[in-house]
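This is the structure I have questions about; it appears just below.
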Amino acid sequence: MEDRLRDIVKKLLAEGGMEYLIGYCQGAEPLHVVPCFVIRQDDVEKLIWGPLCLQNLSKYVLQARELEGKVGLLVKGCDARAVVELLKQNQIERDKIVVVGVPCQGQVVPAKLEEVLGVPMEEVDGVEDIGEAFLVTIGEERREIPKEQVLREKCFYCKHPTSFEYDFTLGEMVPFSIDADKGEFALVEELEQLPLEERRAFWQKQFERCIRCNACREVCYACYCKECMFDKKMPRWLSKTPFLSDNQLYHLIRAFHLAGRCIDCGECERVCPMRIPLSRLYKKVQKDVAELFGYEAGIELDEVPPLVTFELEDQDPFM
Amino acid sequence: MSNRSVLVIGGGIAGIQASIDLANMGFQVCLVESTPSIGGRMAQLDKTFPTNDCSMCILAPKMIECGGHEKVHLLTYSEVVEVQGEAGDFKVTVRRKPRYIDLAKCTGCGECVEKCPRRVPDEFNMGLEKRKAVYLPFPQAVPRKMTIDAEACLYLIKGRCRVCEETCQAGAIEFGQEEELLDLQVGAIVMATGFDPYDPAPLTEYGYGELENVITGLEYERLICASGPTGGNLQRPSDGKVPQLIAFIQCVGSRDVNYKPYCSSVCCMHATKEAILANEHYPELESFIFYTDMRAVGKQFQEYIIRAREEYNVSHIRSRPGKITVDEESGNPIVWYDETMFSEAGDPVRRVTSMEVDLVVLCQALVPHGVHREMVEKLGLELDESGFLAIPDKLIRPVDTTVLGIFACGFCQSPQDIPDSVVQASAAAARVAELLTPQE
Amino acid sequence: MVLEDRGGDGFEPKILIFACNWCSYAGADLAGVSRLQMPPNSRVIRVMCSARVRPEFVITALSQGLDGVLILGCHPGDCHYSEGNYLTRRRGLFLKNLLEYMGIEPERFQVRWVSASEGAKFADIVEEVTGQLKGLCPNRPPGHSE
Amino acid sequence: MPKTRVGVFVCHCGNNIAGVVRVPEVVEYARGLPNVVHVEDNLYACSEEGLSAIKEQIAEQNLNRVVVASCTPRTHEPLFKAACEEAGLNKYLFEFVNIREHCSWIHMHDPARATEKAKELVKMGVAKACYLEPQEELESEVFPAALVIGGGVAGMTAALNLGRQGIQVHLVEREQELGGLVRNVRTLFPTEQDTEELLEPLVEQLKSHPQITTYLGGEVENVDGFIGDFDVTIATDRQTKELKVGTVIVATGAHELKPTGFYGYSRLPNVVTQLEFEERFKQEGADIPRNVVMINCVGARIPERTYCGRFCCTTAIKNAIWLKEQDPEANVYVLQRDVMAYGVDIEKFYRRSMELGVRFVRYDIENPPQIMGEERAEAVKAYHQLMGREVVLPADLVVLTTPLVPREDNERLSKMLKVPLGSEGFFLEAHVKLRPIEFATDGVYVCGSARYPSNIPESVSQAYAAAAKAAIPIRDGLVRVQAITAFCDEGTCTACGNCVQVCPFGAIELQEGRFGTTARVNVAQCKGCGCCVAACPSGALQQRGFDDRQLFSMICALAEEMTSGFGG
């Protein structure tokens, strides 16, 4: 598949009109894949594709606004929703981007892999998707690891293994089911069923750790404001010190802003240095948007975002 | 070409509203008011039914809007002397009484009032308090300028004093002032001269003027008003005691062929409001309203009556008391009235009974204002049999008088409450606009 | 100045109310004009429409320690601006669920419809919500400044 | 930027505020607030004295923000704003704090806490004031035409008056004929003229007036816009017409209550309403019954419908007089609960009816009259309060006096015009005392029984009054838009389009500009709701007078004494 990818990119570069393509290349360590910008034909060989290509690259596509030509973008099915949302929110014009869709059958969480293997990450040489499982190479040794042991949370209930918004595609894939019992919102429901005090305690424990490094915001495709409201001098929504109440305010407001925008790429949780399970917050946002307003972000281009419209028949618990 | 100026006579709520509407329609308005301030009777009310809105709170903005309007020329302390001409071209002579104050210089600071040695009964407070010979009729007065009462001023009657003149730093006292006659030319005239309370003295059975603790509705209104002589503390005249039981007697002089045959329209609601206010001030206080028919016909009026009964200790007794006597020792008035009792056999028996209360409030008839008849003559208008302005076509021209170009709104043409007066005031403005628009 | 009241039996919650100019603020005025007595725990901020209220304001108010926040708007269908309150309804619904998910008592954030003629309803709501919040602890985080 | 200098004026409102709130304490407290350079209290801030104090201090203390703590901005704001302006201070630098309706009047028994609350409200007001900015108002033109909805006596009167003021009028009547409810009435109080004598000339004048267009069988389908610029869609059988008008008068009238379920009405053939009575005898030659019993307050002044129908007593008296005039021997009884013969004319009428021999019997709501008879009403049994016993009154005809009730259509119209209905279902005016025929919504007025049951002289007066109000903006030619409109900080706008989507007035568009694509607000169309501001994640959209800094600072001011939250 990597070969076909490189062929397409070579052709696109040769045709002209595309300034560069944003894809993935190998990082300093074997389990570390990083985004890369493919500008010249020479760069094409750097491109890789596999279960460690975790990043949602659509964050970088906004750069196309400043460019003459187009920007190419490699998207997994899940990340394609971000592209749709960016189009919807007028952040990018469709003819300024070239979308190359890659089919995906699950992404690996490196930390989980390390734990399952019992081997330090640096010693692992490669991970390959072989359909039912991941094939891990450690020196000479090859080990098959069942997917459910190392999969990213969002991949368990993946509905879009293939990008549905593309100019070129590397093929289709059927949705796969790793754990049929595990519903999309299982973790949210689990939390919802706890008594109020325990939920509060749960979140307080999480947000106590927040150091407000803003990594979650920086990585979020939807955080494209020219000046974030949290950075404004007035109103100064947050104090500089990461008090718990301010941390909660920060995450709650972010969650609110992402209602109808969050496409479940999971990047915020992935980059959080304090390991705050932010997906649990954002899955709730997605769940409510779906249940209350029948809305799913990043699917239909002409669907109006849920909180800027209404139905006369909306639920009304406020009489 | 019709004259685009309008004369409005009377600066009560009706006159104020008519002036504002006319001015907003682009007419030049001259508002003539006989007292030193606009505001009229509404300014004397504490609260208004059925919302218990504080009367001054809603009136003051209108007074100020009217007084400050660039197209309204206020002539307070003035009277219409003569009117000639016809619709579209009336010639009016107005007399400005001397107020011995230079309006341009007076700041309304009130220092002269402090120093003035002469005290006379204060008509704004129904004589329940004294004011000085130099005075501002009430705090929210528009214009906020002093007036020297020529009939009370020591200098003007006896030729000595002039303390005010020494006090006034603005140099606004002008004893040399004389009355001024102004000639106006207007296209139309709006009458809004309002009402006076009827003096219940002729109804000797109620002892008004004899019995200290029998007062009138408007006197009561000043007593319960926070800006009144007692600061809103309800104190009865004889001993300053706060009453626990109050009797309100309705139709005093109204609906009575011996006095005024008509219904004064507002007294049922007025009395109920007064009873509610009393209870608001003193939660233990109980009121009895002696009435004939409880005429509560406006929006939210019935609900107001029900609230009075259910929440404010107000009882309505359907009877017209025949006599009021007094318990000499306590000074308590005793109200004698008919009531229907039932014998042991269950037969009804009308019998006279009595109730001793702390205070009696006579809700007297309201009659056209004192200047009314004089104005009617000067304007060549006609009266109906009750003394109100005759309106020849009530159905379709309810604010047109018998003289083309002269319109009437508010109490001068029939008894009515504030909203109805305000409606008629605007209606009069509409009729003026119609008259003064050249028709094709 | 109210600090000493907070906590313990004498806890007096502080409630922030956003009221739309046309219906709910007028309803609150009517409550005043009608002299309907209610506990002095609420403070009204007037906005032209309930839909002006950013959810961020609600979150901020709660985060700063106010005990409850109410958004009052015209009844659905009665909005002076036609549809603002429908937006309020959606935002309110969403925010309410989110806050509860975070473990914040549902009483702390409420949306209600109060018309210009509903002075009594305004008074009832203030009474009711004050009572509800008295039943909770003061809104303060554990281990923070107390 | 000059230093912020706030002046605070605390009103006693006589005793209304000072009787509960300890004003001197509030004054002292306000002195300690940031940026406050002057504080004083006034007996009545709204009196000329109070206003001149404000004006003087603006000059003397060089105030650039004014905060008045008194009553409700809904009635008094214009007054204080005007005072600021007179003193040379932009009126948008004024902030109102309500410590009367929202404090002293509702906490009368707790002066201590009411005082605390007043202080906090003042603090919030001052906090907001510091962020106020001067604003310019936009003026817009008024389209010189008016719409009158309803072609009854009120609507026709209003239309004629406007027409005669030289204003173009569109009159919409849903029936095929003008006249409304009155068409079915036989004679009119107080002149006792035949209805036709009133209606025919009115209709004639209306139809021949060059400025007035009448739409019979017409329905107002839609109204959009605002004072000065309403877009109206009128549908008649033949056409759908789009119109532009500057102002609108609602004169849609009301129905007579058909009292099904009361006193055998609709079951017994000789039990009719007053209006049916009039219709019946409008035709010549109908037999005049000898024994007639009228029952007043049917369906009115009862727990389910508390209001009084105002003129139904008059109608009963009028019809009773007519009966006695037709047949002096007739026995006419009016069973009543209070005879609402207010004023001069009705009382005179009432007295005349008694002189003619109409007998009034008072009944009690607890003990209502009863109809005797199975197939038809034979008699009415009533408890005679004065006699203290039951009386049986033979009846050839029973006439039920019922009140007017609101039209079902009111609700639709109220939503379309964005004006409220009261609890009874009649249109709710802006202020029951001093703005009886205006709505809170500018440019829309009401008259006649659409507002509350009114007799003809009253309806006609209201119609003239409504016409006066509707004429004012048209004669003036301009309306001024309050500067509470939204605006976009294009530098931070991301053009996400949320604001465009939520704006109920289509006032926001995405446009190309110095900062690329951004939102832009058309101020003339903006109504100042602020929906867009709350929908804007970046905070680029703001509302003048209600911006994020202003509201945020109020929250902070209130919360300052609190420790931070999210506890529980």
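Every chain is named by a letter (A, B, C and D) in the order it is written, and numbering of its residues begins at 1.
The rule is short, and it goes like this: a residue touches a chain if its C-beta (ideal position, glycine included) is under 8 Å from a C-beta of that chain, and two chains touch if they have at least 3 such contacts.
Here the structure is a predicted model, which is why all the values come from computation and not from measurement.
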For this session: Tell me which chain's centre, taken as the mean of its C-alpha atoms, is farthest from subunit D.
Result: A
Problem set entry | B-C compared against B-D, more contacting pairs | B-D
Problem set entry | subunit B and subunit C: spacing of chain centres that average the CA atoms, whole Å | 43
Exercise. Using mean CA coordinates as chain centres, what's the subunit A-subunit B distance in Å?
Worked result: 76
Exercise. At what distance in angstrom does the C-alpha mean of subunit D lie from that of subunit B?
Worked result: 26
Exercise. Whole-Å distance, subunit A centre to subunit D centre, using C-alpha means?
Worked result: 55
Exercise. Listing for subunit A: what residues touch at least two other chains?
Worked result: 196-197, 200, 204, 229, 237, 243-246, 248-249, 307-309
Exercise. Which residues of subunit D are in contact with two or more other chains?
Worked result: 422, 502, 535, 548, 552, 564-566, 568
Exercise. What positions in subunit C touch 2 or more of the other chains?
Worked result: 33, 35, 55, 60, 63-65, 83, 87, 91, 102-105, 141-142, 144
Problem set entry | Every chain pair meeting the contact rule | A-C, A-D, B-C, B-D, C-D
For this session: Enumerate the contact residues on subunit C facing subunit B in the complex.
Result: 30, 33-35
Problem set entry | List of subunit C residues in touch with subunit D within their complex | 1-3, 6, 12, 14, 16, 21-23, 25-26, 28-29, 31-33, 35-40, 43-49, 51-55, 57, 60-67, 77-84, 87, 91, 102-105, 115-117, 123, 136-142, 144-146
Seminar exercise, completed: Seen from subunit A, its contact residues with subunit D in the complex are 65, 89-91, 196-197, 200, 204, 224-229, 232, 234-235, 237, 243-246, 248-249, 257, 304-305, 307-309
Seminar exercise, completed: Within the complex, subunit A is touched by subunit D residues 131, 491-498, 501-502, 510, 516-517, 535, 537-539, 548-549, 552-553, 564-566, 568
Exercise. Across the complex, what residues on subunit B touch subunit D?
Worked result: 13, 17, 21, 24-26, 48, 50-51, 53-54, 56-62, 64-65, 67-68, 108, 139-144, 225-227, 231-232, 255, 261-263, 265, 293-303, 306, 340, 342, 347-348, 384, 386, 388, 393-399, 414-416, 418-420, 422-431, 433-434, 437, 439-440
